[in-house]
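All chains are identified by letter, namely A, B, C and D, in their written order; residue positions are counted from 1 within each chain.
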Amino acid sequence: MDWWFFLEVFVGGLLSGVMYSLVALGFVLIFKASGVFNFAQGAMVLFAALTFVRLLEMGIPMLAAIGVTMVIMVILAIAIERIVLRPLVNQDLIILFMATIGLNYFIEGMAQLVWDSKVHVLDLGIDEYDAFEIGEAFINKFDVYAALIAGGLVLVLSLFFRYTVIGRALRAVADDHQAALSVGIPLRTIWIYVWSTAGIVALVAGIVWGSKLGVQFAISSVALKAIPVLIIGGFTSVPGAILGGLIVGCGEKLAEVYLGGFVGGAIENWFPYMLALLVLMIRPEGIFGEKIIERV
Amino acid sequence: MFYREAGQFKTSYKKDQAILPIFQDKIAMVAMLLFCFIVIPLFANDYWLASILVPFLALSLAALGLNVLTGYAGQISLGTAAFMAVGAFASFNLQVRIPEIPFLVAFLWGGLCAAGVGILFGLPSLRIKGFYLAVATLAAQFFIEWLFTHFDWFTNYSTSGVITAPPMTLLGFAIDNPLSKYFLVLSIVVICAFFVRNLARSEIGRAWMAVRDMDIAAEAIGINLMKTKLLAFGVSSFLCGLAGALWAYVVLGTVEPQAFDIARSFEILFMVVIGGLGSVSGAFLGAGFMILLPILLNNLGSLITGGTISTETIAHIEYMVFGAFIIFFLIVEPNGLARLWQIGKEKLRLWPFPY
Amino acid sequence: MKRDFVALDTFPKILKNNAEIYKGRPSIREKEYGIWQTTTWDAFYNRALLLAEGFYDSGLRRGDKIAIIGDNRPNLYLSIASAQILGAIPVPCYQDSVASEIEYILEHAEAKLAIVENQEQVDKLLEIKEKLPLLKNIFYDDPRGLEKYDVKEICSLDVILDKNREMNIDLDKEINKTSKDDISIMLYTSGTTGRPKGVLLSYNNIVSVTSIACEIEKTGPDDEVVAYLPMAWVGDNIFCVAQSYISGFCINCPESRDTLTLDMREIGPTYYFAPPRVWEGMHTQLMVRMQDASKVKLWAFNFFMKVAKKWGNPILDKKNVPILARLLYGLGYFLIYGPLKNNLGLTRVRMAYTAGEAMGPDTFLFYRSLGINLKVLYGQTEATVFVSLHRDGDVDPNTVGPAFPGVDIKVTDGEVFYKGSGVFKGYYKNEDATKETIDKEGWVKTGDAGVIDNNGHLKIIDRAKDVGKLNSGNMFAPKYIENKLKFCGIIKEAVAFGDNKDFVTCFVNIDLDAVASWAERNNVAYSGYIDLAGQSSVYDLIAMEIDKVNRDLSQDTELNDSQIKRFLILHKELDADDGELTRTNKVRRGLISERYCMLVDAFYNNKNNCFIETEVTFEDGRKGSISADLKIKDMNIYDLKDQVA
Amino acid sequence: MSLKNQNLISKSEVIMNIKNINLSFGGLKALSGVSLQIKKGEILAIIGPNGAGKSSMLNVISGIYVPQEGVVEWKGKRRNKIAPHDIARMGIARTFQNIALFKGMSALENILTGRNILMKRNLFMEMLYMGLGRRQEEEHRKKAEEIIDFLEIQSIRKTPVARLPYGMQKRVELGRALALEPELLLLDEPMAGMNVEEKEDMCRFVLDVNEQFGTTIVLIEHDMGVVMDISDRVVVLDYGIKIADGTPDKVRSEKKVIDAYLGVG
C-alpha cells in the first residue's frame, strides 16, 4: 500500500472536512442559541455567495462587496426573525424545523430570482490546481487556504463568544433559556444576532465553496453534507462541528478511494450519513453534544 | 346550514362508530365517489387525465403514506421518495425476473419491499426523535438513490439506466390509455384511503396518535413504542412503495432513480404539511394544491407578462411560493387545509349560531 | 292504528295489547353509555310482569300506594306500569323536594313501597324512614354508591328484574281485574297555598281524555317525545305515558340533566311540551348567542326574522300568502329557520304545547313564525290536564283557546268553571276540599279568573283569589301585570301589590343571563347577582320596560289604574327552596308579602330605600342570610287620554 | 375525621413490598433506606415537602426507576428492571402531575386508548374494520362508556381534550388510567392546581374507585389537608428519608412531621 498516497488522501480529506465544518458552524450557532435546526443554512450559503459574486461582477471592490453582503445577510436575519421565528416562538422544535425547510425553498428561489441561476466563476487569485509537495504527496494549496480561513473564522467566533457581551449572552441562552431571559436578554435580539452571525458564516462558506465549485445552485446542497457532520460532532458544540467535519471529510475520501471501487463509486453521497446513523445509534447526542435528559 | 342532524340518534355502537356517522356526510361522500368514477371520466380530456389527475392521485397516495408516519404517528421522514423508489424497482424487478406475474401482484410486492426497507430505516426512531430521525431518513434517501444508480442489477443492466415499465394488462384488456390508467389509480387510491381511515379510528390508529401526542404517557398505559413506531413505518412505506410503483408504471412509464430524488421527498412532505397532518383528506388536499399551484402560476405568469416570462423564472417563483406557503401554514394553521375544511364544517353545523 | 278504548279501558290492558300489536317497536329509550338503549313494547311488557311479580312478593296488593321518586328513568316508568298491573296506585313525587316534603306525601298516602332513582333519594328516605312505619321496602334503580349500604329494607330493582322465578300469582287475572273506574294514579298538587292535595285520577279520566287528545293531533306510533318534565307533574303522565300507551309512540329519556339539550337535538322529538319559562329561556339564550355572530350573519338573521314575523304565522295557519312572500320565507327557512330549529332539536316537531303560565305573545309568535306549531292549552291536574286548547289554524296568543272536546266551560262572576269526562275522582282523604272544588252538578271551580271572548276562546286573567280591588275601586289583577312584565325577557319574576292600596307597586327579579349579557355588551362591571341587581343602570333598564307596560295598561279602561307607580329589584332570586315559589315555580304571593312586608310598607310610606336581611337556603341545604339596602324607584303614570306614539 | 367508611375489604395482604431501597442520580441521593409496604385495597398517601423524593418514590413503585440498592417485591415476587410498557400489563396504572393527555383526541378516545393493552392487535382486521377489528372496538367502547358514566363526563364525551377545562382534563386522565383496570393506581398530585369544588369531586372519585373496584391507590400530594381526609395510611418523606408511616391522625401528631411541614401543612 502506498503510504504517501494514503497521506495525500487523508490530508485532502481533512482539508475538505474543514470546509464542511465551515457550513456546519452556521447550523451550530443557531441550534446552540435557539434549539432550531436551520435547514435553510445551505440556501443562505447560496444566497450569500450569489450576492457576493454578483456584486463583484458589478465591479464593486471585494472588501466593499463583502461588507455589503454582510449587511444584506443581517437584513435577511432580521426579516427571518420577524416573519418566521417570532410567530412560531412557542411551537414545537419540529415545527420550526419544517418552517426552515420552507425557508430553505424560499431563499433558494429568491436567490436565483433576484440574481440568476448561471454558474459564476469566483476567483480569489488562488490557482485551484497548484499544490504543495510533501514527499510524494500533493496537498492542494487551495484547500490549505480554505482550511486557514475556516480556522480563522472558528478562532474569531470563539473569541466573540468568550469576550463580547452578546457572545456571553448567546452562551447563556444556549445553556438555559429561562436563565438567559431572567438576566434580561430579550430572546428576539439574541435570535437576530445569531442568525446574522450564521449569515456571515454562510458568506464565508459561500466564498470558499464558490471559488472551489463555482457559485451555482449546487452549493446549496453542501448543507446536506454538513448534516452528518453535525450529528457526529453534536449540534451544540463548535469544536464538535470542526472535528465532525474532519471525520466526515477524511472518512468519505478514504471510503471512496478504498471501498468505492468495489461498489461502483460515488459513495461519498451516503457514506457520511451511514457514519452519522452509526453514531446516532450509539450516542444520540453526538460525540460532543450535551446529553438530552427526559423527565418523567 | 346543510347539516340537519336533529333526529339522527344512534341506538348501537355499530351505528355510532360508523365511518361516517352523520347522514349528510354519507351523502356527500357518495356524491363525490360518483363524481370521480362517472362524471370525471365522462368529461375530462386526456390532458387532464394523463398529466393532472393521474399524477395527482399517485402523489396523494404517497402523501397518504407519509401522513400515516408523520401525521398520525408523529415520526418525521425526509426519505419518502426513497421508499417510493424501492416500490417501483421492486415491482419492476419481480416482473422482469418472472414475466408471468400480474402487475398488481408486482405492485403489492413492491409495497411489501418498501415496507421492509421502511422498517429497517425506522429502527433509529427507537432511540432518536424529531429532526435527528429526519436525518436518519435522509440517509435512506441518499443511500437508496445511490444503490439504484450504481448497481445495474436493479435496472436489469440496461445501458441507459432508464427503463420503460412493462405493459399492464388486467383481466385481458390492456391498461394503456389515460382513462384506464385513471380508473386503475383511482381505485387503488380510494381503497388505500379507506384502509387508512379505518386504521386511524381503530386501536392501531389510537396507539399511533398516543405515541405522537405524549409518548411517555403512551408507554405508561402499556403501548409498546417500538412495535407501534415500526408498524407506522411499515404501513407508511407500503403505501409509499405502492405510490412509487404507480408513479413509475402509470405516470412516467419508465423506472428511473432520478424520479425519486430528495426534491420529491420534500414535495411530498409539503403536501402533507399544507394538506394537513393527521387526516386522510389532508393528503388529497395537499397533493391537489401542490399539483395545481405550478399550473396556476404558469398560466398567471404568461397571462400577466403575455408569455414573455421564462419558465426558469417561473420555477424560481414556484420555489418561493411553496416555501412561503409552508411557513404560512405552519404559522397560521399547523393542521393545514384539512383543518380549515373541518372548521368550515363545524361552522356549518352550528349555523346560524357563532358557537 | 285505530282502536276502541271501550274494551281496553285500563293501562294494563292497553299495555298488554300494545305488546302484541306494537311487537318489536320501540316503547321507551334511554340514552345510557353513549347510545340510545331501546326497549320494545313486548320487552317492556314482560319486564313489567316480572317487576309486578316482584312487587307482589314484597307485599304490594290491590289498592296499596307505591311512591315513585326520581328523574325520568325507564325503570321508574316501568314501576308505574307494574304497580298498575297489580291494581296498586303509583304516587310520583318531585325528585327535588326536600325530605320533609316527601315525608308528608308518603305519610299522607300511606305508601307501602318506594321506588327511587339513586343514592340521593335513598338517603332522603333513610333520613325519614323512622317516621314512616307503613313504608316496607325501598327499591332503587341506579346502584352507584349503594353497594356498601347494609339496610335490609333497601334493594336494587335489578335484583328483581334479573331473577326469573316461577309466578306464584296469575298476572293475566290481575290485569283483567283492573276496571275503568279504578284509580290509575295519584298526583299531589303543589298547591300555591297550604299542604299538597292528592288528586285521584281514574283510568276512565285519563283514557277518555287522552284518546281525544290523540285524535286531535293524530299522534301515531312513529312519534317521538323526550321525557324531561317531573314525573310527579300531571303533564308528564298524560303527554308522555298516557299518549304513548294510546298511540304507541316512543318515550326518550335523556342521559343526564346537563346533556338534555344535546339529547333533545339527537332525538329531534315530533311532539314537544314545555312550560313557558322553558320556551322563554330558549328564546333569550338564542338571542344572546346570536349577539356574538358576525355582522353579515346578524343582518341576515334580523332580516329573515322580520320576514318570518310578517309571513310565518299566515303560512303556518294555511292562509293564502303572496307567492313572493312564500319564496322569501322558503329562502329564510333554508338559511335561518331550518338550521335554527335544528340546533334547538325542534326540526321534526309536529305539535308543541305550552301551559301552566301565561306566555309572552312575542315569544309565542316567534316560535310559530319559525314554523313550529306551538299551541297553548289551559289545564289542571283536577281535569286530567285538558280544559281548553288551541286548534290548528285558530290560534290566538292572548287566549288559551276554545274548550277541549267533551269539556264545558262557564264563567260565573269572573271565575272559570268546567265539567267533563276528565274531572277527577276527588282529593285523597280530603272530602271537604273535594266538596268545595266540585259542586253537585259536577262543575269544578278552577280558582282562576277569566273571560270567554267573542270567538269562544277562554282568556285567563289571574288567580281568582288574587284579583283584588284598588282603593279607586278598579279591578287589580296582579298576575296579569306580572306576566306583562315578565314577557320582556330581562325580568324573571315579578310580584305586584295593590289590593286595597291607592296604587300598584312591584318587586322585580332580573333574569341573570339576559341582564348579565346586557351588562357585558355595555361593559357594566358587577360582582354577582346582588351587585348587579343593585346597579342604578340596571334599575333604569328595568324602568324602561315597566314604562312600556304602563303605557300599555293606560290604554285599557279597566286596568288604567293598575299602572306601576313604584318598584324595586329584589336582592335575591325568589326560590322554591325558600318556599317563595312552588315546585312548579309559581309565586307564593301570601308568603312573600309576609316575608318582605317591610319592603311593601316602604313602598307605601314613600321611603326611597329600605334595608333588609333575609334567610336563604343554599343548594346543599345549608342556611345563611343575605342583606342589602334596596333602592325604590318611582315611575310616571299615563292618563287614558295620553296617546302613545 | 376520615370520610371513608372503614368497613371495607381487610387491608392485610401486601401487594408491593419495598425493602430499604437507595436511589440516586449521579451524585445526588433521591431516596435512602426507604422501606414501604403497600397493602391491597388501601389508599396510601405519600406526602412531603418539595424535593422530598415523592416523585422518585412513585417512579420506583411504578418501575420506571430501579433503585441501586434494595428490593422491590410485587405480589411476593422480586421485580427487576422491566420495560416501561410492561408496567401497565403488571396491573399498575398512573396519572401524571402535569396532565399528559393525548391532545389530538377526544375524551372518549383517550379513555379507549387506555384499553389498548386489553385489545388484540390485528392489522388486517382493523384495516378492514371487520370481524375482530370492529367487534373489539364495540366491546371496549362499552367499557369506556362505563368509565365515562362513572366519572360523570357524558357531556364532554366527544370534546377534544385540549378544549376541556383543567379539572375535566384531570378527570379524563383518571378515566384513562382506570381503563386499564389496574390493581394498583398511582396518582401524581391528583389535586394539584384545582379549585375547591374540583378537589372535592376528585376526592369523591378517588374514594369511589377504591370502594367500587377495590383498587389499591397510592397518591402523592403536598397539600396535606385533602390527603388526610381520604387516605387510610400516610407516609411522610423528607430529604429522601421516611420520617413517618401510619394513620392520618397518628402521622399528623408526630413532631418530625410537624417540623418538616412547618409552614407548609
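Everything that follows uses one rule, which is that a contact is a pair of C-beta atoms (placed from the backbone, for glycine too) under 8 Å apart; a residue touches a chain by one contact, two chains touch by 3 or more.
The structure presented is a predicted model; accordingly, all values stated were derived computationally and were not measured.
Using the contact threshold fixed earlier, the set of chains in contact with both chain A and chain D is B.
The interface holding more C-beta pairs in contact, when C-D is weighed against B-D, is B-D.
Look at the CA centroids: the one farthest from the centroid of chain C belongs to A.
Centrality by C-alpha centroid: the chain sitting nearest the overall protein C-alpha mean is D.
Separation between the centroids of chain C and chain D, computed from CA atoms only, is 46 Å. With centres defined as mean CA coordinates, chain D is found 41 Å away from chain B. A straight line joining the Cα centres of chain A and chain C is 77 Å long. Our note on geometry: chain A versus chain B, Cα centroid distance of 33 Å, whole angstroms.
Chain D has residues 141-142 in contact with two or more other chains. Residue positions of chain C touching 2 or more other chains, listed in rising order: 34. Looking at chain A, one finds that residues 296 touch two or more other chains. Taken in their complex, chain D has these residues touching chain C: 5, 7-8, 108, 141-142, 145-146, 148-150, 152, 154-155, 157, 208, 211-212. Across the interface of their complex, chain D is touched by residues 32-34, 144-145, 147-148, 255-256, 258-259, 262 of chain C. Touching chain A in their complex are the following residues of chain B: 76, 124, 127-128, 130-132, 134-136, 138-139, 142-143, 145-146, 149-151, 216, 262, 266, 269-270, 273, 312-313, 316-327, 330-331, 334. Residues 62, 83-89, 93-94, 96, 100-105, 109, 112-114, 116-117, 119, 121, 123, 126-129, 133-134, 136-138, 141-142, 176-177, 179-180 of chain D are the ones touching chain B in the complex. In the complex of the two chains, the chain B residues touching chain C come out as 1, 3-13, 15-16, 350-355.
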